[in-house]
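Two complexes, one shared chain (chain A), two partners (chain B, chain C).
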Partner chain A sequence: MNEVKRNMAYKPQFGPGTSNVAANRRKQMDPNQKLEKMRDVTDEDIVLILGHRAPGAAYPTSHPPLAEQQEPDCPIRKIVTPTEGAKAGDRVRYIQFTDSMFFAPCHPYQRSYTECYRFRGIDPGTLSGRQIVECRERDLEKYSKELIETELLDPARTGIRGATVHGHSLRLAENGMMFDMLQRSVLGEDGIVRYVKNQIGEPLDRAVAVGKPLDEKWLKAHTTIFHSLGGTAYRDDKEYVEYVQRIHTLRTKYGFLPKEA
Partner chain B sequence: MTEAIYPQVRIVSARFLRPDTVEKLLNRLVRVGGILRMSLTGQNLPATVPYGPARGKPNPHPDRKVIRIGDQDVQLQVQVGNVILELEDESYIPAIEEAVDEVFADKDFSCTVQKGRFMKSRPTVSDYAKYGPDVDREVLGLVDPRKKGGPVIIQGNK
Partner chain C sequence: MAKIERTQKLFLKSLKEKFQGQDVQSETTEFYKFNGYHQSPRKEEFVKASRAVEMDRGISMYDPVRCHLGGIPLGQRQLMTYEVSGTGVFVEGDDLHFVNNSAMQQFWDDIRRTVIVNMDLAHQTLQKRLGKEVTPETINEYLHVLNHAMPGAAVVQEHMVETHPGLVDDCYVKVFTGDQELADDLEPQFVLDVEKLFPAKQAEALSAAVGKSLWQAIHIPTTVSRTCDGGTTSRWSAMQIGMSFIGAYRMCAGEAAVADLSYAAKHAGVIQMASHLPARRARGPNEPGGLGFGLFSDIIQANRKYPNDPAKASLEVVGAGTMLFDQIWLGSYMSGGVGFTQYATAAYTDNILDEYTYYGMDYIKDKYKVDWRNPSPDDKVKPTYDVVNDMATEVAINAMEQYEQFPTLMEDHFGGSQRAGVIAAACGLTCSIGTGNSNAGLNGWYLSMLLHKDGWSRLGFFGYDLQDQCGSANSLSIRGDEGAIGEVRGPNYPNYAMNVGHQGEYAAIVGGAHYGRGDAWCFDPRVAICFADPALKFDFAEPRREFAKGAIREFMPAGERSLIIPAR
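Showing the complex of A and B:
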């Protein structure tokens, strides 16, 4: 999966910053670092949560498999190896996440960066409160499994929400769950979070367990969100601020098309 | 619309409240007395999915419950975040603070009582444009006056 070119002319730095938050961001983005696996979710569970096809059903296709159709003579097609989903002609489907501002392990921009570094054949869309990633269906299921099983997801502070995503900037509920108008995931008496609806809010035939919410200490140590109340304040990471100010200055000046003396 | 002479307080908790906590809190507040009007605000919990691919399907939500306050059943329509109260006079405020402290004593998050003006005191031009001149002034500024179902009246002990 992590088919990043090894012999690149430069070593990617992934991001500035000296704080813990910055280090967490770099760790998630760097495809050479293995993300910690936090829970086990079966392939069938992933299909249920995504809600794009019935578990066990064949993948619907949008075009014939590449092997069966005549490909135009295109140099780019010769360079780029198609993903499994593209080879089979799968439909393009999506998964969308909402991350609470209260120390969720990931957040929309971070997700897009991370996915672009780690996955192939994807189209991420970043919004303030949600992040969507689209790709071929069987690739999506593979990537979703990684996104759900690893430290990128906390069952309480991250929501898998295809629609009606509102909740990332709201207070948490009494039991520590992020607000969800459709209540897709429910914290059980046994402390395990279960998805009772798929990502667009249709009830599931059986609940899908995604494990126990991670504790506050773990979240604060692994979050990629700067938060001046209770976490690491952005302004405390001088290097990060300096970098952002430099980019801001350069792009502002470039608007005036400066001429070098 | 409210008369500007009545004091108002807002009870703000650091977390959204479960229906049983709301029930406990409000029953405790009702016992304090001196409350003219009360409004529960928070995020809407619609009965059906309002938009998206599952639009129109039922939206069973464990927090959309009927709770009993005083002698009345109240259908919760929101996940309660704030409780706004209009009081007869300021002498009730210390008792309300005490009641809130009592209810939240065993919780691991805080809840504050703020004094100020939280209900609308004059209709705005937008209100006039939206609801017209004959709007029920009792509820304007608290809820959408076009909403069916009036306020729940909890009888006092006077």
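Showing the complex of A and C:
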């Protein structure tokens, strides 16, 4: 995340709104704000959850290192510094999250926006029940560590799921865990959530601990979803709603070249 | 935007039936204890049926334990039943896949096998070119001959192959006109009597629009259109029309005037139910991708039966439209697979969209004094940007709050695409019924999508990024390259051609604008009359009820084959 160029030609606003939900969104997106670290997960454990390569194995490549291959005379390549993964010729792999609508800290579009502001060389995809980000493998492992260790993740209400993601909108289990048909992560009697399967659902040789679920009060204070049942009601953030209405009206009047008369 | 009180929740009965013994407002429940697919009687039936098939053919088939996720079958959560909205009938989700539902099949069969053909052109040829007399008596005789010939019988030639009447019993021809005097002179069995079929105000408008013209509403055999395609319908009908004119009016089979009759029946005087698509989509006319939204809203007859409830009339279009456009057109013609059903049924099950839509009706009555129970153009609200924004915002946010406050409701619509389509549909219907303007309705839909996306930071699947985040720009304001009003848009409109969960709702939004005004039709009065026919296999005034009958296996379709296959 430190590679993001800060001297941009405009000052990003990171979205409207007067509510704490809006403020949380801005904080997550703003690369100048440090995300709170909530847990320690080792590099090896990250690799295990991702399930793309065995810990310690060499990174498979899809092309030779850039330094070893003939690069065309391309002005764009002179401007853009390749990421470490791109330099090495790593293949492109992914991490995918499912975020419970019951006050998970991050949610699909919010994830994509946040990643675009904080990471380089990524390709996020945004759906309702899952959000995927793809990039070069060694870059992915670095980004995944930040996505997993920080306040962007709650062990109970955020799932790391490559396939069969069903659960974001379901009621929670009695123990507070989000539904996962494959039960990739389980809540132990010691209150620690452990991944017993990697993100695609293959059993792990050893469980990977990701810490204790965050409490309800913390979640409601840090979530980025509006929710009228116990959280911040969308209609109460008038500035946010009016902003969306304004965007809509401008697009209706002027297409995608919005100019107010 | 100001929340209004509405104590009745139309979806509550469904939720309590689906989640029996549970608090429908609880945020927690139990999982992983339901014994997988065994909790579903229908899936148990599938397993049993599959075993019989395997024994018979020696090839493996349905095996939900081994083949689903390497040994984890469906049903780790509760497999829900669904109430078909507005019917009180609970069914299993599987029963709403069109393969498992004969009413859904017949719905599309009845549209695809229909063409409307003008008779005036042919009568002019007979009278002016051939000097023959055309009277009510000759028309009656012609219709007798045509109802013999249309199912596949010979009228002129000797030693001809013919079709078995028991296999084509759904095929017939009726006529309609705005000339009540002529209608009264024709045999009642052949007449779609506008005055008797429609409420007085609608009948008056329809008769005036059709005038003295005489039209044939033709339904070729279901089996024929199934074996061939929608393009067959006009060809099959035109051939039988031509032969029947020859037989009834004692014409020479080879004389040049016959070409005029053929041309009228195949081209000049024919109304297809759907237009021909571009070659790359490779479908003939009368296939779902060419069926415009305005015309579709005329096919659905709920506003004839419920003229004082434009919301219900529109919701019936949603149900019919999502079934045809999502489940059959996009889901199978265009995509393949079976997953689209789960998207589509969200819009016509458990009275959820119904509740959101009637909230919108209460809102426009409360705030804008729209007497929506007495449809009229007089009290429609001028569709300004502010009005659309206000109506759509309130309905969207109310719907989101319902999902939030009833976690079982959210669990019912467990996919974001389902929720996005349903919320936006309620907004679109509110705006179109409230303003009488279909493009205002579409504009309300798109604001709903943007609000939804920003409120929950999620929307639908990838396709929603395309269609729904640029839709503001092609609704309510019209530019030359995107210049179609809703009535003439259809499933193949550029931005609409790929996304499940939209097209049926768009059709309803278009219909709602007219139902809200009390119009007798949306796009074509002749189509509205044609599908008012009580002799059709499918009752187009009650599509959701018919689908429910199909789901519980009480619908009797056409397309009989038992006469020509071994007894079971």
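Before moving on, here are some points about what is shown:
Quick note on the criterion: the second predicted complex is superposed on the first by the 254 of 261 C-alpha atoms of A that agree within 3 Å, B and C clash if a C-alpha of one lies under 4 Å from a C-alpha of the other, contacts with A are read in each partner's own complex, and residues count from 1 in each chain.
Simple rule for what comes next: a residue touches a chain if its C-beta (ideal position, glycine included) is under 8 Å from a C-beta of that chain, and two chains touch if they have at least 3 such contacts.
Quick caveat: nothing in here was measured; it's all calculated off a predicted structure.
Annotation: superposed three-chain arrangement on chain A; chain B versus chain C shows a clash.
When the two complexes are overlaid on their common chain A, residue A:S144 makes contact with neither chain B nor chain C.
In the overlay built on the shared chain, the residue A:I200 is in contact with chain B alone; chain C does not reach it.
Between chain B and chain C, the partner in contact with more residues of chain A is C. In the superposition on chain A, contact of A:L127 is made with chain C only, not with chain B. Residue contacts after overlaying the shared chain place A:G162 against chain B, while chain C stays out of touching range.
In the overlay built on the shared chain, the residue A:N24 is in contact with neither chain B nor chain C.
In the superposition on chain A, contact of A:I247 is made with chain C only, not with chain B. Applying the stated contact rule after C-alpha superposition, one finds that A:L170 touches each of chain B and chain C. Of the two partner chains placed around the shared chain by superposition, chain B is the only one that A:V186 touches, whereas chain C remains out of contact. In the superposition on chain A, A:S100 makes contact with neither chain B nor chain C. Chain A uses residues 164, 166, 170-174, 179, 181-183, 201 to touch chain B in one structure and chain C in the other. Against chain B, in their complex, chain A makes its touches with residues 162-164, 166-167, 170-175, 179, 181-183, 186, 200-203. Contact residues on chain B toward chain A in their complex (touch as defined above): 13-18, 21, 43-46, 49-54, 57, 59-63, 79, 81, 107, 109.
Put simply, chain A touches chain C in their complex at residues 25, 101-102, 107-110, 125-129, 164, 166, 168-174, 176, 179, 181-183, 201, 224-229, 233-235, 240-241, 244-245, 247-249, 251-253, 255-256.
Contact residues on chain C toward chain A in their complex (touch as defined above): 1, 3, 26-32, 69-70, 72, 76-77, 385, 389, 393, 397, 400-401, 404-405, 407-408, 410-411, 413-417, 419-420, 443, 446-447, 450-451, 453-462, 465, 470, 472-473, 475-477, 479.
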